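Across the two complexes that follow, chain A remains constant while its partner is chain B and subsequently chain C.
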Partner chain A sequence: MQPSNVATVYKKELLETLRDRRTLISSILVPMLLFPVLILGISVLATLIVSRARKDNPTVMVLGSENAPELSRRLEKEKDMEVVPPAADYARRIDAKNLRAAVEFPAGVEQKARTVNTESQTVKIYWYEGEFRSEGVVRKIERVIREFNEETVKAALASRGFGPDFLKPFDVEQKNVASAERVTGNIVGMMLPYMVIILCLTGAMYPAIDLTAGEKERGTIETILASPVARSELVSGKFLLVLTVSLGTAALSLASFAITILGGATLLARISSKLVLAVSVKAMVAVFLLILPVAVLFAAALMAIALIARSYREAQTYLAPLMFVVIIPAVFSMMPGIELTPKLAMIPILNVSLVAKELFAGLYPWNYILLIFGSTAVYAGIAIYFAIRQFQREEVLFRT
Partner chain B sequence: MIESRQLTKVFRDKKRGDIRAVDGVSFRAEPGKIYGLLGANGAGKTTTLRMLATILKPSAGTAVVAGHDVVAAPEKVRKNVGFLSTATALYARLTAREMVEYFGRLNGLDEATLKERVDEIFRRLEMNEFRDGKCDKLSTGMKQKVSIARTLVHDPPVMIFDEPTLGLDVMTARTIVQFIKECRTRGKTVIFSTHVMSEVEKLCDTIGIIHGGRLLAEGTLQSLQERYSEKDMEEIFVKVVGA
Partner chain C sequence: MNWNEMLVVFRKELKDLLRDRRTLFGMFFFPLVLFPILTVGFGTVEKKTRAKVEQERFPVMLLHAEQAPALAEKLRASRNLLILPEAADFAARINEKQLRAAVEFPPDFEKQILGGGRPKLRIHYFAAEIRSENAVDKIEDVVNAYRKDVLDARMAAAHLPAAALTPIETKRESVAAPEKVAGSKLALILPYMIILLCLTGAMHPAMDLTAGEKERGTMETLLASAVGRREIVAGKFLVVLCVSLTTTVMSMLSYLTTMFFAKDYAQDMFRGKSYSLGIDAALTILLLVLPLAIFFAATLLAMSIAAKSYKEAQQQIGSLMIFAFLPAIVGMIPGIELTPKTAVIPILNVSLVAKEIFTGNLPWPMIGMVFLATCVYAAFALNAALSRFQNESVMFRG
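Presenting the complex of A and B:
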C-alpha cells in the first residue's frame, strides 16, 4: 500500500466534501449551532414564559366568602392575582381557561378553626391540573391558607401555654458537601458524551453514504476502479475522510458546548443560583480521546454497510436503524443507578458514556479508561477489516 | 499488445444459477491496430473488456495486457491502460482540470510532468475554455472530452473503449471516432466494443464477433466478407450469430 496514493484519494475526497452543501450543513453548521440554540434557547424561553405569566393577571373566584371573611380579605389583597365575583359556572370557566382557580370555603370554616373542634373541615380548590398559570395561582392560595392555619395553631397553642415550636421538636436542613465539580460533573457527564456520540454518528453518516453508495449512483465507481489505485488504498483514503468529518463534528460540538457554557453562565445563573458551572477542560480532552476509537468504529461500519446499497435512499434505509443501536446504550447510561463495572466496560458506546460521568466529576479510573479504549479499538479494527473486505467483493461493488 | 487466453467469467445468480457471461474467449490485439468487439446486448463485450482492464477478476483463463498478467499484476496493467465506458462518469464537484490531475497523480505522474501533460492535452482537445468548470455543469460533449483527457493523461500504450459513442450526438461521436483513429496513428493498441455496424466497418482492422459469451468469428473485414459471402457487416453478423 502506497501512502501517497492514500493521501491523493483523501485530498480529493476532502475537496469534494467541502464543496458539498449537505455535508457542510450536517457536519459543520448543525454541531456549531446545536448547543447554543438548545441551551440558550431553552433558558431564554423559560425567562420569557415566567415574565409573561407574571404580567398576565390570573383570576380567582372565592365561593362562600361569608364563611371565611379574613381569608377572603387576604386573598383580595394578594398581588398578581384578581378575585372575581362568584358564579355557578366556575368549572366550565376554569376548563375554558377564563378562570384560573376557584376556592370553596365550607360553612363556618374560619370560626370553627379558631375554636377547638373535632370536626374535620375541607377547603376545596378547583383548578386546571398541569396548566402553568392555574398552578401558580393555586400555590398562592395554598400559601395564604397555610399562613392562616399556622397563625391559628400558634394562637391556640399560646392560649394553652405552649410555645410555637411545640409541634416541631427540631429543624431539618439539607447541606451539599459534594464539590461543585462533582455536582456539575454528574449533570454534564450524563448529557454531553451522549450528545457528542450521536453527533459523531450523524456527522459521519452522510459522507459515508456519499463516498460509497453515492459513487455507485453517480457512476464513478468504475472510473476509479480502472485507475492504478489499489482497493485497500481507495478504502483507506475514503475511510480517513469519513473519520475526519466524524471527529470534526465531535470537536465542533465540544467547542460550541464549552463556549455556550462559558458565555451563557450568567444567564443560567439567573435561573438557578445554586448551579455553579465548573467544566473541566482536562475532562473534555479525555472524553474526546475516548470518543476517537468510537468514531473509527462508526466510520468503518457505516462505510461497509453503505457500500452494499445501490443508491443514497437504499443506504439511508440500511443505516437509519443504527441510530437506535447507538441511542439505546447512551440513554441506558443516563438512567440512575447505572455505574461502571468491568462487564459494562466492554459494551461499546455505553462504556464511554459511563466513564465520562466519572471524568467530568474529576475522577480518573485508569484501569477502566484503558479497558474501554482498548476494547473499542479492537471493535474498530474489526470494522475496518470488514470495510476493506467489502471493497474487494465484486458482487458488492457491482451490485445491480 | 493485448492477448486474451481462454478468458472466462461466471456470475452466480440466486434464481438463474451459474451464468457464463464470457466463455473461453481468446484473441490478440496488436499495437497500431484497432480491434473491434462486435456483439448484441448481453453478448459479453462489457465483461470481457472489464476483465482486460482488471476491473473484474476472471473466473478462469487470463490475459496479458501491455506485458503484464491481469490476474497476477492487475495494478501494473492498470498503469498501462486507458479505460473509457458509458459507466465511467466524472466527479461532479471537481473541475475538468482537477479531474484529469487526480487521475494523473494516481498514475504516478510527478507534479511537473502532470502540469505539462494536462496543458498539452487541454490544448489538443480544445478544452481550455472550460478547464475550471465543475464537471456536473459541463455539456455532454465537454464531459466526453474530459473523460478522454482522463484516459490519456498517463499516455498508456493500451486503450480500451466500451461502447464509447453510445447515446452521443453525431458531432460528439465523430470526436470520439477521430480520437480513436489518433490513438492508432500514435501506435497504441486499441480495442473497442460496439453494436454499431458502421463504426466497425469504418474503424476496425480486426473484428471479433461475440455472442453468448463466445467468440464466434474473427478476422479483417475483407476476410469475413469472403468467408460469409456478404458485403454488409450486418448480414455477416446475422449469419455468424444465427449459425
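Presenting the complex of A and C:
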C-alpha cells in the first residue's frame, strides 16, 4: 500500500464530496444549526406553554360550600383557577375534561375542624388521575386545605400557650455538593451523546453511499478500478474520506453545542432559573476521542453495505433500517435508571453513550473507558475487514 | 376528467411501485415489525428498571450520627438505604457517585428537639442526578416519619389527641374511567407513529412518481401520451394515497395485534393501563387519517414535481420533515389539549384527537371540526399539486 496513492484517491473524493450540496448540508449545516434551534425551540415552547396555562384557568366545583364557608371563600380567592357553581353531574364533567376537579365538604366539616377532635375530618377531592391539569388543580386545593389546617392548629396551640415552633421540631436543608459543571453535565449528558452519535452516522451516510453505490450508478467505478491504484489503496482513500466527514460532523456538533450553551445561557435560564451553566472542555475532548472508533465502525460498516447496492437509491433502502439499529441503543441510554456495567460496556453504541454520560458528569471511570474503547475498536476492525473483503469481490462490485 | 384514462395511469403506476422492493418494505414489512419491537423492547426495559428501582439500596453516609441516635436508628432500618461508615471525604464521594447522599446532624440534634429547640438537619446531595435525588427522597421519607413521631409525643405530652394536628384530611378519588387514565408517557409515542408512518409511507412513491420519472427520462413520454394532464395527476395522486393509506392500515393492524398478543409487555409499558382500541375508535382514527393522507400525498407530489432527480427531491423533502414531526412532538407535551384553536392546526389537530381516542374519549364535535379543517387543507394541497403539474416551467425546470 502506497500512502501517496491513498492520498490521491482521498483528495479526489474530497473534492467531489465538497462539490456536493447534500454532503455540505448534512455534515456542516445540520450539526451547526441543530443545537441552537433545538435549545431555542424548547425554551420558546416552554415559555409559551407556561403563559398559556396561566391564561385559561382550570375549573373547580365546590360541593357543600355551606359546610365550609371559610375554605370555600379561600378557594374562590385562589388565583389561576375558577370555581364554577355546583352540579350533580360533576363526575361526568371531570371525565369529559370540562371540569378539572371537584371538592366535597361533608356536613359541619369546618366547624368540627375548629374544635379539638380525636378524629380528623375527611374531605374528598374528585379528579382525573394522571391528567396534567387535574393534577395541578388538585395540588392547589390540597395546599389551601393544608394552610387552613396549619392556621387552625396554630391557633388551637396558641390558646394553650404553645409557641409556633411546637409544630416544627427541626428543619431540613438540602445542599448540593456537586459543581455547576457536573450538574449541567448531568443534564446535557442525557441527550448530547445520543445526538452526536446519530449525527456521526448521518454525516457518514451520504458520502459512504455516494462513494460506492453512487459511483456504480454513474458508471465510473470501472474507470477507477482500471486506474493504476491498488484495490486496498482505493478502499483506504474512500474510507478515510467517509471517516473525515463523519468526524467533522461530530466535531462541529460538539463545538456548536458548546457555543450554544455559552451564548444562550440567558435563554436556558428561562427554563430553569436554578440552573448554572458550565461545560467542561475536557469532557468534550474525551467524548470526541471515544467517538473516534465509533466513527470508524460506522464508516466501514456503511461502505461495506452500500457497496452491495447497484444504485444510490438501493443503498438507501439497505441503510435505512441501520438507522433504527443505531437509534434504539442510543434511546435506551437516555433512560434515567441505566448505568454502566461490564455487560453493557460490551454493547456497541450503547456503551459509548453511557460512558459519555459519566464523562459529562465529571467522572472518568478509566477501566470502563479503556474497555469501551477496546471493544469498539474490535468491532470497528471487524467492519473494516468486511469492507475490504467486499471491495475485493468482483461479484459484489459488478452486481447486476 | 376521463375516468378510464385515469385508471390506466393508476394501474401502470401501481404496478411500477409494487415491483419496487422499497415500497413493499415500507408499506408492509416496516409497520408490521415496528410496533411489536417497540412494545416488547420498551416494555422489558420499563419492567426491569422499575424492579431495580424498587430493590435498590442507596449508599448514604450519616455525619455525627451520635448526635441523633433515634433518627439514625430509623435511617439504618430503612430498606432502601445502605449506611456507610462516616468519612471526611463525603462530598468528593458524592461527586464521584459512589455515595448518593450524606445526612449531617448538628451538635445536640436530639437534645435540642427534646428541649424544644429547632435544630437544622442538612442533606448533602448531587443536584439533577436522578439516583442522588431518589436517595434524598428516601431519606426525607424517614425524616418525615421521625418528625411525626416527635409531634405525636409532643401532642401526648400536651394532653392533646394526635388527630388534632390534621383537622381535615384530604382523599383523592379518581372519577375518570380507569382505561382513560394516562399511563407512561412513552406509550403516547405509539399513536403518533401511525401518523408519521402515514407521511413516510407516501414519501417514497410521491418522489418516485415525479422526480424519479424525470430522472429516468420517462416523464416526456408519459406527457406525450394520449392521456390528459389531469388524468395523469389524478392517477399518480391516487397511487400515492393508496400506498400511504395501506401503510396506515397496516400499522394500525400491527398496533392492535401487538396490543392483543403482547399484552404483558404492553401492560408493562403502559403501567398496567391498556391502550387497545374498540372497532369504533379504530374506524374513527382511519376516518381522520383519510384527509390527512390526502393532504400529505398532494403536498409531497406538489413539492417533488419541481425536483430534477430523486436525490434532489429527497434533499428538499427531508429538510421539511421536521415540520411534520414538530406538531406531533408538541402534541405530546402534557399541557396541550384539543381546543377550537388547536383543532385547526394541521397535523397537530389529528395527533391531539388521536391522543383522545387512544385514551378512550370520542369527542364528536372536535372530531368533526378536525376532519373538516384537514379536508380544507387537503383541498388546498390538491389544488396546488394540480396547478404545478400544469406549469411547464416547473415540470421542465432547467
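Things to note:
Here is the rule we go by: the second predicted complex is superposed on the first by the 290 of 400 C-alpha atoms of A that agree within 3 Å, B and C clash if a C-alpha of one lies under 4 Å from a C-alpha of the other, contacts with A are read in each partner's own complex, and residues count from 1 in each chain.
As a convention for this text, contacts are C-beta pairs under 8 Å (C-beta built on N, C-alpha and C of every residue); 3 or more make two chains touch, one makes a residue touch a chain.
Not measured: the values here are computed from a predicted model.
In the superposed model, A:Ile94 lies in contact with chain C only, and not with chain B.
After overlaying the two complexes on the shared chain, residue contacts for A:Tyr10 are found with neither chain B nor chain C. Within the superposed three-chain model, A:Arg21 lies in touch with chain C and out of touch with chain B [touch as defined at top]. By the document's definition of touching, of the two partners only chain C reaches A:Phe162; chain B does not. Once the two complexes are laid over each other on the shared chain, residue contacts for A:Glu394 go to chain B alone; chain C is not touched. Of the two partner chains placed by superposition, only chain B is touched by A:Ser227; chain C is not.
When the two complexes are overlaid on their common chain A, residue A:Gly130 makes contact with chain C while staying clear of chain B. Of the two partners, chain B and chain C, it is C that touches more residues of chain A. Residue overlap on chain A between its contacts with chain B in one complex and with chain C in the other: absent.
The residues of chain A lying in touch with chain B in their complex are 5, 8-9, 12, 15-16, 19-20, 218-220, 222-223, 225-230, 394-395, 398. The touching residues of chain A, when paired with chain C in their complex, are 21-22, 25, 45, 49, 52-53, 90-91, 94-97, 109, 112-114, 116-133, 138, 141-142, 145, 148-149, 152-153, 156-157, 160, 162, 165-179, 182-183, 186-187, 312-314, 317, 328, 332, 335-338, 361-363.
Across the complex, chain C meets chain A through its residues 21-22, 25, 41, 45, 49, 52-53, 90-91, 94-97, 109, 112-113, 116, 118-130, 136, 140, 143, 147, 150-151, 154, 158, 160-161, 163-177, 180-183, 310-311, 315, 319, 330, 333-337, 361, 363. Per the touch definition, chain B reaches chain A in the complex via residues 12, 50, 53-57, 75, 78-79, 81, 83, 85, 87-94, 98, 102-103, 105-108, 150.
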